[in-house]
Amino acid sequence: MRTALPVLTVLLAIILVWYVAAVAMNATWARDQAARADVTLSNAELVRQTLTQDRPVLPAPHQVALGLWEGLFGQKITSKRSLVWHGGITLSATMAGFAIGTLAGILLAVGIVHSRAMDQSVMPWAVASQSVPILAIAPMVIVVFASAGVTGLLPKAIIAAWLSFFPVLVGMVKGLRTPDQMQLDLMRSWNASAAQVFWRLRLPASLPYLFASLKVAVAAALVGTIVGELPAGATAGLGARLLSGSYYGQTVQIWAALFAAAILAALLVMVIGLIERLVLQRMGLAR
Amino acid sequence: EGELTLQLKWVTQAQFAGYYVALDKGFYEEEGLDVTILPGGPDIAPTQVLAGGGADVIVEWMPAALAAREKGLPLVNIAQPFKRSGMMLTCLKESGITDPKTDFAGKTLGVWFSGNEYPFLSWMNHLGLSTEGGAEGVTVLKQGFNVDPLLQKQAACISTMTYNEYGQVLDAGLTPEDLVTFKYEDQGVATLEDGLYVLESTLEDPAMVDSLVQFVRASMKGWDYAAQNPEEAAEIVLDNDETGAQTMDHQLRMVQEIAKLTEGSTGALDEADYQRTVDTLLSGGSDPVISAAPEGAFSHVVTERAVE
Amino acid sequence: MTVPVIEARNIDLTFQTADGPVHALKGVDLTIDRGDFVSFIGPSGCGKTTFLRTIAALEVPTGGSLTVNGMTADAARRARAYGYVFQAPGLYPWRTISRNISLPLEIMGFSRSDRRDRIDQVLDLVDLAGFGGKYPWQLSGGMQQRASIARALAFDADILLMDEPFGALDEIVRDKLNEALLELWRKTGKTIGFVTHSIPEAVYLSTRIVVMSPRPGRITKIIDSPLPRERPLEIRDTPEFIALAHEVREGLREGHGHD
Amino acid sequence: MLTAAPILIVWLGAWGLNTWLARFDTRLTRLLVALIFGATILILWEMIVRIYDVPSVILPAPSQIGASFVENRAILWTDFVQTILRGALTGWIIGALAAIATAIAIDRSPFLRRGLLPIGNFVAALPIVGIAPILVMWFGFDWQSKAAVVVVMVFFPILVNMVAGLAATDPMQRDLMRTWAAPYWQSLWKLRMPAAMPFLFNGLKITTTLALIGAIVAEFFGSPTKGMGFRISTAVGRLDLPLVWAEILAAAIAGSLFYGLVALIEKKVTFWHPSQRA
Amino acid sequence: MTVPVIEARNIDLTFQTADGPVHALKGVDLTIDRGDFVSFIGPSGCGKTTFLRTIAALEVPTGGSLTVNGMTADAARRARAYGYVFQAPGLYPWRTISRNISLPLEIMGFSRSDRRDRIDQVLDLVDLAGFGGKYPWQLSGGMQQRASIARALAFDADILLMDEPFGALDEIVRDKLNEALLELWRKTGKTIGFVTHSIPEAVYLSTRIVVMSPRPGRITKIIDSPLPRERPLEIRDTPEFIALAHEVREGLREGHGHD
């Protein structure tokens, strides 16, 4: 409640600015068209036209809302024009990539925390790996995987995994290292084995960090999937939707796809937040 | 029995109506073929997919194919359903361009890349225009996915296909009177577009050649059917478009425009057309697309048997 | 009859740090007998913690010899010869008090029913019966510290090593825990090594007070306490107590240079 | 099976060497271990490409990539200037400055902070690259549109971090300021700004790679005839894979340097923070 | 002649929390005269800190009236009437010791040369001359705490409010700082409000000891010290001292319920 009012106010302000911007940005085209048709526009007429164009430079909020509504609820969800259908395709690749990335991140982190050689070898390159413009070579990655017989959802998922493993790795390394010397010494004083230290101390101690990075990772995975779908000849998914909208100059379609992606991202982060709450509550870590 | 994978050059649209019709109407099946069609995209290089083994046959433009051949990838043209070129430069009349020879200098032109730039580069070479910008040359933009640069006046001219982007410019609200177009055909720099290419090694396998013969035969049947039944063809393309973004109007017009390009083709490559393409590409001045006339870049084995 | 439990002979311990070696312990000689309550007192950095850790085989001395229960310190650690209590409670926030106490028992492979019995027993001992189901953060600092002592007691080692266990608590809570600890020690007859900064605490609790001084860390004085084993809190107002405290303070002052 | 033997031997040998070296844990051996690991990957890559005859249009060998890198250094430099310096860096700086200014502005108003932060967090998690085609349409083909994409991509992560940083002073430090009756700007400048630096740099570091990605990806939606994204897509079309990988290499080096530079400045600015002292 | 500096009349302070209201202070009545050294002692949570913060206008009482130097507490804060020392040193890690001490002076608009003089002076006063160029983390806990006292002294307010300033230090360092603080107080004649947990410390330092008890926080006893202003450390072994300490302990025990 305490945040609802401020958030609504800010949202309202954003929408207002958006309308003004839409009028300003679409006015050129409206004037040009009027000039070509040799008519002069009244101000009211100009505003009306800028907010109802088919190919606006910036669609008005209500146009986007309508496009979104149409896409989400305007048709059967199995229809290729349904954003739910495309969202589902993007979601499945995102989840696959997220799972692969999370697993890889956790395994690497476990290795790094337990082996100094691995820490010193892998960590610097893990940082460098993130400056590889994987998104730029997404189409190539997809072709290369296709040549190895891997097609369909998996190549996209691998791009998603590449982006999502890093936050998990960093968070998990930090988390697995949170137990302080005292807690480790306690374990030692009990003569606990390495496995016992891991399962009973390091892992539970790392969970809050894990969840924090999972939220980042899932958003990153979604970005990866969408970009994997974007120019790489993907035929379905929100990225493909964005691309084809762009290809045919359907700005409303682009924005609707963008918002659908935004909603999907928010949902994913929320779901992880929910799981986090449940798990941490069960562990007595949420107060 | 025979399995074939076809990699398209671009996204699912009526440009490839023949293949989709053949698939949908069961022409491939009749030949005993199991064909998979992979849509392309702006940054899919079909040649790379072919080299990687991701496809058996690709749809590609000849300049790109010959360039790849010179890079050491032994591509062979086995059929050429597109007889004519649909490529052109579309300019805003208000930019004051009337004659390419005199008016391009100092202007900004939109061009497609990723292997689609070769015909344009050849043309500029013909005109003796540098593509490095400046008052004496042209400034080249890597054109994105749509016709916005023209609408937003970011370029004086943009690349368009007769069957596709030109229509989009009109859809956006401009009229033919607002525009000036220069077809590559008319400028004498036309190069062959959508042909079917395979690797040399594929042709050494008799079983594969059999499959290719069946494939080309069925595909040409598809093209014929599409030309005769434009509405149904457009419908089929729409069904196969997974993005759900295409519209009937647009695809119908595309089928009709494409029919003008395939008209008169049996599928067999006309060697005169081939020679004209090679000459255009070779006469590139300082930076030709290919440096020597290719050898064995096409083969009639498949079409000889398919056409009979 | 006195049975030596911990025997340190001429222990040296030097840490190698980036700024050069730090001599944390130098020629430390000490015998602790069964049932002793030995306090270590000395200014910050004099090596009290280091010495306690050495006994627990959490540090390895660079010189000298050390036996615990007649074996090497590390063998004793493996044999789970001691319970160790740190300055901070160090409870695991994701486990309830009971399950915190259960943790070393799980690690040592006690059976479920045995665990339950022991947990109940030590919770009683530290006066926390009924709080087993709470999480650490639901308890006050003093209660947490009692829980951590219970954890160290649960597996019933003969030796208890405590490193400033009450340092963070206020005087009144501290008094209470001191009383309880004495009571426990008398009942169980454990051998206790206890680090503290507080002179009254050291005097109140110990049978022997070891005064240490820094740079390098060594023992400057070992004071045997004349106080009886039975010690009500009021003993702290007696002249014997005050005299002993004074002696300890003097001992400290001697070894103490500039801070 | 037999062909895999040398690959396995190289791997195990290098790993053994690293395990041994890692025990020393000095600055020099740390560097050595990292370098040996990197070199091993390259050698294995080269071996795999040669032993299994991987076509270079799929995966060129490191030696080919290196050769192409040297041969095309002029092109790589032009692209670097266009994409990294003009697109990414400009956008990053503008975005960071805007985010810092916004953070300071909304920090004064709890109302705005409560309203903007959830939205900021939401937007920070969005697939912002999706707006690249839109921004190319708005800002034209040259680096300005790339910088605009970068501005939008880096703005919110930095904003969120900076706002958190400005709120991160401990209550005691703030109370001290009150006991001295410090005016707003003084406590902002002398307490909250320095205290926010570790958070700010956290945001700045995360966004270095975002900035590169944004600038490069935006070039796929239109660009002049230079730039890393442009070169990569054209070179793929021309099957010049060694050049593609040389560009990737250049981007990775630029990204690592960019990150390293920010980390270095961070070290200088937040020298006092425990994480920097270790 | 006694001049009242701080006058609290029937102060109430209730915090509204999620778990309902917490009565931190209830009917607190106290007058502190110029030159007094008043210690506040009491169990954890009894409102010592809250009361000190109320004097400093860091909390606003929900009832009663409070004047400092004859004005409202907030006006006094704005007039920079007091220096405040918290339990932790609270030095700004990005500033050297000198620049930490300089910070309030900058804020209050002292000139550069004046600042330099004052910094040198207070560094001397707390025995830190020569450490001005060091960063806080390069100093020991005791030295940091002295620096934070120096910072509170630098602008020479007449009132000094200190909230357990030596709580984290070891006994010997604490003794030294206690001596130094007494010395300073005698030399400057400041009025000091001092929170502590330690009975000996309270007795050693104060002219008046205020004993508080929790739930709700109120004053249970105010003890005037018969000790002279001149107090060598040895005074702690005198019967008067021990009797006074005993009285305080009894006062504490009365107000103290279950922990």
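To keep things simple, chains are lettered A, B, C, D and E as they appear, and every chain counts its residues starting from 1.
Here is the rule we go by: a residue touches a chain if its C-beta (ideal position, glycine included) is under 8 Å from a C-beta of that chain, and two chains touch if they have at least 3 such contacts.
All values derive from a computational prediction rather than experimental measurement.
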{"item": "Third chains touching both chain C and chain A", "value": "none"}
{"item": "Interchain contact steps from chain C to chain D (minimum; 1 if touching)", "value": "2"}
{"item": "Highest C-beta pair count, chain pair", "value": "A-D"}
{"item": "Chain whose Cα centroid lies at the greatest distance from that of chain C", "value": "B"}
{"item": "Distance between chain centroids, defined by C-alpha means - chain C, chain E (Å)", "value": "33"}
{"item": "Chain D-chain E separation of Cα centroids, rounded to whole Å", "value": "49"}
{"item": "Between chain A and chain E, centroid-to-centroid distance (C-alpha), Å", "value": "53"}
{"item": "Centroid distance [mean C-alpha coordinates] between chain D and chain A, Å", "value": "18"}
{"item": "Numbers and ranges of chain B residues touching at least 2 other chains", "value": "42-43, 45, 48, 51-52, 144-145, 148, 152"}
{"item": "Junction residues of chain C, two or more chains touched", "value": "none"}
{"item": "Per-residue overlap in chain D, given as positions that touch at least 2 other chains", "value": "58, 133, 137, 219-221, 233, 236"}
{"item": "All chain pairs that touch each other", "value": "A-B, A-C, A-D, B-D, C-E, D-E"}
{"item": "Chain B to chain A touching residues, read off their complex", "value": "11-12, 38-45, 48-49, 51-54, 144-148, 151-152, 168, 172-173, 175, 178, 241-246, 250"}
{"item": "For the chain A and chain B complex, residues of the former touching the latter", "value": "29, 33, 36, 55, 57, 79-82, 85-86, 139-140, 142-144, 146-147, 151, 231-236, 240-241, 243-250, 253"}
{"item": "Contact set on chain D toward chain E in their complex", "value": "170, 172-173, 175-183, 186, 190-191, 194, 197, 270-274, 277"}
{"item": "Residues of chain D touching chain B in the complex", "value": "55, 57-58, 133, 136-137, 140-141, 219-225, 230, 233-234, 236-241"}
{"item": "Touch list for chain D against partner chain A, complex", "value": "15, 18-19, 21-23, 25, 29-30, 33-34, 36-38, 41, 58-59, 111-116, 118-119, 122, 125-131, 133-134, 137-138, 208-209, 212-213, 216-217, 219-221, 228-229, 232-233, 236, 244, 248, 251-256, 258-259"}
